[in-house]
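Each of the next two complexes has chain A plus one other chain: chain B in the first, chain C in the second.
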Partner chain A sequence: MRKYRTVFMVALADRLVYRVDFFVSTFLMFIPIVTTVLLWRAIYSGAGGENIGGLNYSDMVSYYLLVMVVRAFGSMPRLASTVASDIRDGELRKYLLQPISYLGYQGTLRLAHKIIYFIMAAAPYALVFWICRRFLPAWPDGGTLCLCVVSLVLAGAIGFFINALIGLLGFWFLEIASFLHLFMTVQYFLSGHMFPLALLPASVRTVISYLPFAYETYYPTLVLLQRTEMASAVEVIGVQAVWVTVLAIVTRVAWSRGLRRYAAFGG
Partner chain B sequence: MSGIKVRHLVKVYRVHEKPHGLRASVRSLFRRTYKQVRAVDGISFDIEPGEMVGFLGPNGAGKTTTLKILSGLIYPTTGTAEVLGFVPWQRRNAYRRQFSLLMGQKNQLWWDLPASESFRLHQAIYGIEERQFARVCGELTALLKVTDLVNQPVRELSLGERMKMELIAALLHSPRVLFLDEPTIGLDVVAQSNIRRCLRDYNRDNQVTIVLTSHYMRDIEALCDRVLVINHGRLIHDGPLSDIVSRFATSKLLTLRFLDGVWPAGLESFGEVVTANPPMVTLRVPREAIARTTAQFLQEFDVADINVEEPPIEEVIGQMFAASPAPHNETRDA
Partner chain C sequence: MSRYLCILGRFWKNSLLREMSFRGHFAVNVFGELLWVVLLLVFIDVIYSRTPDINGWTEAEYLFLTGTHLLVTGLFEAFFFENCWRISGLVRRGDLDFVLLKPANTQFLLSFQQISYSSLANAPVGIGVCLYALRGDTQGVSAGQWGWFCVLVAAGVVVLYSVLFMFALTSVWLIRQTGVDHLWFYAVSLARYPAEIYRRFVGGALYFSLVFVVPLLLVSNLPANVVVRTVEPWMVAYLLSATAVLLSLSGVVLRAALRSYRSASS
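Let's turn to the complex of A and B:
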């Protein structure tokens, strides 16, 4: 375990080299949300200020704000492309030579990146949330807060394994860029990042609920929104835990199969 | 004590043949043709612990493939290999803690961080004790004269400095076997000789087994008592470097200096004229004719000085590669 702790510390130091870039990108992240909110304001005023899919205007704004928080846990920027390019360019070999697990290493790296990100982004987030405070639900009590944190961490794990799996496709395909692009688009829609899944017909929602994507964004966001009438927080966490387990197993199988192929073909 | 044991090692790569032209490209979408390339073709050898062995061969001869198999990066198609009693491609942690593969064209260090941070990371990954770490790190940085540079980000270092850091990283866990693939590529002469000296001292003091490939004959000459020459995936020589010349050189170089700069006609009949700077002339004379030719010169001409030399080793090896026939090692299937 000590080795992963050191990887973590070194990754922290590495990230701090780019702190200005971090700060700027955090602020830039909030720009698309402004346009989304303005769009929904227009939609709501067109609809006569009534509920759409059980959500009123302020629910909608708080949904998008909290999606940002959930994405901060679940999104794994460049993880899939890094894994794929490590495979393609032979960078993977340095991890195969050393007594360390590649995915364990990547996971530790992401953890370090996330923690640096939360520290850097805390101030901008606090500012934006303070400005929008009238839209947001009341600050949760201790128990709910714990559930929120667990759900967010599981969302992070789901995001990690999904992205790692996409990256591992690099063992079978030389170039995964177009596949990755397609996947991002589909995920944007299916995870509820684009709009709350409550707006979709029940039949479509049922199908989506059998896929892991919604448990990476939509359901954790509902937990944060404390909209337990839509899904009980404990139930969401239970399904998330199942998905983490399933994805971890699939990732492990894909890793060892892919490695055999990689090793057999060279690299 | 076990070193390295390789028996009948074969590695066949299946390579997709990309045809030229649009029509052929479209056809290959439906029906791909593959080429089987025998990169390593039945190699066997033993290396004793503490030996320093050089792999010599032209590009694509199978040197790097062999090193990759021995370090467990790829599986062989058939054949067996054992290093320190381990089967490399099982990639046991116990094995991975005991060897290093250093590739001159690849880097292991974190680009944006000082080398010292990467060393710390190695310390943790390999579970190196603090005292040993401090000692090895101090010794190696002093030996390679880079003590002042370990706290500079790696991206700011020159190629030679970076390579030295890579070498230190590869040695930190005191590996018992060291595989070096072109460790001095792209370095200037001074840096090359520093790295060579470090490797020689390290081998002497620690009794590590070192297997090295290099394009620079100087590396091999300076370091390796024994060379394995590989061409077209086959072992064509296993023994001291000097044996190569006596075994494979077909000619010797005869340099003559003529009195008063007299330039006898018909020199070409004795052998190929390599250089001719009056009053000196160098001829390439077939090995079996050297004694006769020398005697003839001394009798017939006014020779001031005469010198018989072996041809340069690079040349002999070049001839050797050209002479060893390419076996039919590519087959096609659809």
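Let's turn to the complex of A and C:
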């Protein structure tokens, strides 16, 4: 455990080195939410202010704001590409020779990055949420808040395992950038990041609900939005836990199978 | 001039050889681009099943805007995105030295070294979406309108290039400037929608900034407007002038960046 703590502390220090870089990225991150909200304002105006997909304009603004919070947990920038390049360039052998789990190491790095991110992005988030407070739902009670936190953590775990799996494709393919691009496109749509899945026909929604993507963003967002009853919030968390377990097992199997093919190219 | 055309030909041939070395990768990339277009069309269908128009834009007009946007961004991504993106890496590793040592214009070498053929696939798809938006009714669009459309699409690509190139060059001062891909994503997010939706936000300040400071809103909107809506002639003149200014400015910023550049190696 001590070695992971050391990795964690080093990763924390690394993230604090490039502070300007961080603030530029955090500032830019709010641009899409502004454009999306403005688009939906025009859509609701054209629709005569009616509910769309069971959501009024305030709900829609809240949805996109809360999607940002959920994505802050679930997104794993550069995890897949790092894993794939470590495999391709032979860097992986450096970790295989050490008494440390490579995926555990990557997980610890991401955890440190997330913690620093949450600390440093807290002020910009608070400002944006304060400006948009009239759109947001009431602050949840203790029980709902606990469910929200659990759902967010599980969304982060789903995001980690899916991205790690994409990265592990590097054992079988020299170049995975195209798979990553394809995956991000599919995920943007199927996770409900592009628009709430409630706007899709019920049959399409049913198919999507059998995939993990919606449990990485859409359903946790509904839990935060308090658009699910307590019982169905628990159900969402239950399905998330199942997906985390399944994805962890698949990742473990892919890692073992991949290692058998690994030839440690590079100097 | 012929020397530069020869170098350009070599660059593009090398890029083609590189992409063809990973044919599966190329095919998946093209498939990904096409899938993205399909998802955009689904999104537009979902929107317009709920509203007859968005700030006066009908579904056909919005589709034409989307096609234009795909064309402009497809051309930019094909010719310039990777070149802008790799600048921060060249600076960080000190590999910019190798570019500076070559007996050719530095901006040319930095801007044209790679071409993404898979992104280029978006250009014909964009044209296809535009034609689909017109539902074959191209008779109503004059040759002059199509001519201006082509000129403004080219201007839009140059505006995007100039802005992204200058942003990428800030890595000389900021080091590990990882934001080029982020900035591109956000620039695309802004330019994709009808410009009118920004008019009433923060008293029109955002609209003003994105039209008259960094004209990102015009790169897709103006060419689309020329064909499916109306455009004030001064706006066309303004975009062309802004394009020339931004392109010149990119050269000035490059020279300033090179004066501050200190090689990272040895």
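Here, the second predicted complex is superposed on the first by the 259 of 267 C-alpha atoms of A that agree within 3 Å, B and C clash if a C-alpha of one lies under 4 Å from a C-alpha of the other, contacts with A are read in each partner's own complex, and residues count from 1 in each chain.
We adopt the following convention: contacts are C-beta pairs under 8 Å (C-beta built on N, C-alpha and C of every residue); 3 or more make two chains touch, one makes a residue touch a chain.
If you're wondering where the values come from, they're calculated on a predicted model, not measured in any experiment.
Undergrad: Once chain A of both complexes is superposed, is A:Phe173 in touch with chain B (first), chain C (second), both, or neither?
TA: second
Undergrad: Of the partners chain B and chain C, which touch A:Leu39 in the superposed model: first, second, both, neither?
TA: The second partner, chain C, only.
Undergrad: Of the partners chain B and chain C, which touch A:Arg261 in the superposed model: first, second, both, neither?
TA: Neither partner.
Undergrad: Which touches a greater number of chain A residues, chain B or chain C?
TA: C
Undergrad: Quick check on the superposed pair: does A:Arg252 touch chain B, chain C, both, or neither? Answer first, second, both or neither.
TA: So A:Arg252 meets neither chain B nor chain C here.
Undergrad: Touching A:Thr6, do we find chain B (first), chain C (second), both, or neither?
TA: A:Thr6 sits against chain B, while chain C stays out of touch.
Undergrad: So in the superposed three-chain picture, is A:Phe195 touching just chain B, just chain C, both, or none of them (first/second/both/neither)?
TA: Only chain C is touched by A:Phe195; chain B is not.
Undergrad: How about chain A: which of its residues touch chain B in the complex?
TA: 2-3, 5-7, 10, 13-14, 17, 90, 93-94, 96-100, 260, 263-267
Undergrad: If we count contacts the way the header does, which residues on chain B are in touch with chain A in the complex?
TA: Contact set of chain B toward chain A: 13-14, 65, 68, 71-75, 89, 91, 93, 96-97, 100-101, 106, 108, 110, 112-113, 117-118, 120-127.
Undergrad: Quick one: in the complex, what on chain C touches chain A?
TA: For this pair, the touching residues of chain C are 22, 24-26, 28-29, 31-32, 35-36, 39, 42-43, 46-47, 50-55, 118, 174-179, 182-183, 185-186, 189-190, 192-194, 196-198, 201, 206.
Undergrad: In their complex, what parts of chain A are in touch with chain C?
TA: Chain A reaches chain C through residues 18, 20-21, 24-25, 28-29, 31-32, 34-36, 38-39, 41-47, 50, 52, 173-175, 177-179, 181-182, 185-186, 188-189, 194-195, 199-200.
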